[in-house]
Amino acid sequence: MEKIGIEQISLAFGFIILMLGLWGILSRKNIIKIVLSFTLFDTGLNIIIVAIGYLKNKTAPILDSAELQTDTASKIVDPLPQALVLTSIVIGLGVTSLLLVYALKLYKEKKSLFINDYKDLKW
Amino acid sequence: MLKNSLILILILGFAAIMLSLFLSYTPSEDLKGVSKHYAEYGKEEVGAANLVSAVVVTYRGFDTLGEVTILFLTASVIGFFLKVNHSKDDENTAVKKYSEILGTSAKILIPLMVLLGVYVFINGHLTPGGGFQGGAIIASAFVLMFIALPQRKISHKVLSAVESFSGLSYVLIGVLGIILAAGFLDNQILSLGTFGSVLSAGAIPLIYILIGLKVGTELTGIISNLKELQNEQ
Amino acid sequence: MIYIIIAIVLGIVMIVMSIIAIHHKNITLAILSAGGVSLVASILYLLLAAPDVALTEASIGSGLTTIIFFYVLNKIKKHKHVEE
Amino acid sequence: METLKIIGAFIVLAGSIFLFLGSLGMVRMPDLYNRIQAGTKASTLGTILTLSGIIFLSSGWTGKLVILILFVLITNPVSSHILARAAHSVKLKLTDKTVTDKLTEDEELINEKQ
């Protein structure tokens, strides 16, 4: 328990939100709610990745002061996870809008958002 | 009931995995491996003050190209799904009574928001921000336009022209990197310039401007497709 | 120390908001709380020394996603209205 | 130099008092329209005073702060206007003590004309 830092706390909350999103995806019956839980899942995952890249007592990877430009590697946090999360957020928006439009299309076909009404592939 | 308990067991199993991951996590003290290389040599090799931009645009440029492609595919699939029959005249889609105050202030605010977006992606290699954020800000300016000034139309032809132009130039700059410099999407096709000024970091500002235009037009296209759906009955 | 307290408060707010987003009957409120989770997460990113990610999350995750949800929801409601 | 700092500090203090009063109004007022009124009026003035106090404290930021004040002046009243209008259009109840409701009268007038 010695010296719990901000990264462990963020990691824990990220895990909790990820689990909540998974619970929502599996247990909700409304399609819009399922997509909403999917975005929660996304947010939790992004928090976890950024928290893993955080290093204690170091600043953001933006070299805007002269002092940061020498011996950079010991003064900044990991830039790689941040770049990956940047990509992930934008793709998340694309996937979410695609899911929503698909839900809209489903609604137009069957006039229902209730997931149990879709039994076409059940046997 | 059986289903619920199965879900619960699955969630608990996942939670156990997560808990063991969390308990075994030890925060590292220093950068390792490839991140260390980025931090040490990023300044000399790329010349961008914002190392995240350097990673996104040059070191991991292929990822960004793939991402932009995914966004483009999403936008086109959405456009395909929501095919709106434009033959219907706009007369019957009665423009809702909108607020005069919002309309007037939107006319002032929209150019400022677009300007902010352009500022964010031009300075992407110096300050936090970049093509994706700037594009999103531009798209939200257009959302304000859709809400506040519903009688204004946006031309899909212009949108797709700008988008195709920026996508094509992005790939062309990448190919130029093979010819003039070390490899695909190398930013040293232009001189690196003085560290910290706007015209520095080689091709990064150029690439970010193109990404910003592409992302902005794509997101605007998605939202405009959804908005035209509102008027259709 | 103060950052740790702020992070804990932000995390609790996020958990409450995501529970509302999953369990509340009113879907408008659920969508708004999901947007709120993203907004609070962007503050957390700022504490984790990631201003780029914070900017992206605030503009895309909590802005545009919420707007797209509302457009689709509005369309579904309109459809329902026409049906009845 | 010192006097400038003291003046700036007092302006910031006045701004924060207005912000506090605005948040107090959010709790105390009876319905949504009054809350929007209290929140926006007090917080616009409070934000402007706080920002202009910072101009006195560090003069290097003057340009940025003036732009910020302009943005607050444009966006804050408009957004609260839109909130109130949206609340009115979904027919949110006004408090019992309301004396006049001009927007409803106006809409009725328009409906009569048509």
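A few points about this structure:
Residue numbering begins at 1 within each chain, and the chains themselves are lettered A, B, C and D in the order written.
Heads up, the rule we're going with is that a residue touches a chain if its C-beta (ideal position, glycine included) is under 8 Å from a C-beta of that chain, and two chains touch if they have at least 3 such contacts.
These numbers were taken from a predicted model, which means no experiment stands behind them.
Compared on C-beta pairs in contact, B-C and B-D come out with B-C as the pair having more. At the far end from chain B, in terms of centres built from Cα atoms, lies D.
A separation of 19 Å divides the Cα centre of chain B from that of chain C.
Computed from the mean C-alpha positions, the centre of chain C lies at a distance of 25 Å from the centre of chain D. Centroid to centroid, with C-alpha atoms defining each point, chain A and chain D lie 34 Å apart. Chain B and chain D have Cα centroids lying 33 Å from one another.
Multi-chain contact residues of chain B, defined as those touching 2 or more other chains: 50, 52, 128, 130, 132, 219, 222, 226. Shown for chain D are the residues that touch two or more other chains, of which there are none.
Chain C has residues 51-52, 56, 60, 64, 68, 72, 75 in contact with two or more other chains. Interchain contacts (touch definition given at top) occur between A-B, A-C, B-C, B-D. Per the touch definition, chain B reaches chain D in the complex via residues 99, 101-102, 105, 108-109, 112.
Residues 71, 74-75, 78, 81-82, 85 of chain D are the ones touching chain B in the complex. Chain B meets chain A in the complex at residues 4, 7, 10-11, 14-15, 18-19, 21-22, 25, 27-31, 34-36, 38-40, 42-43, 49-52, 54-56, 60, 63-64, 67, 70-71, 74-75, 77-78, 81-82, 126-128, 130, 132, 195-196, 215, 219, 222, 226. Only residues 3-4, 7-8, 10-11, 14-15, 18-19, 21-22, 27, 30-31, 34, 37-38, 41, 44-45, 47-53, 56-57, 60-61, 64-65, 68-69, 72-73, 75-76, 79, 83 of chain C touch chain A when the two sit together in their complex. Looking at the complex, you find that chain C touches chain B at residues 51-52, 54-56, 59-60, 63-64, 67-68, 71-72, 74-75, 78, 82.
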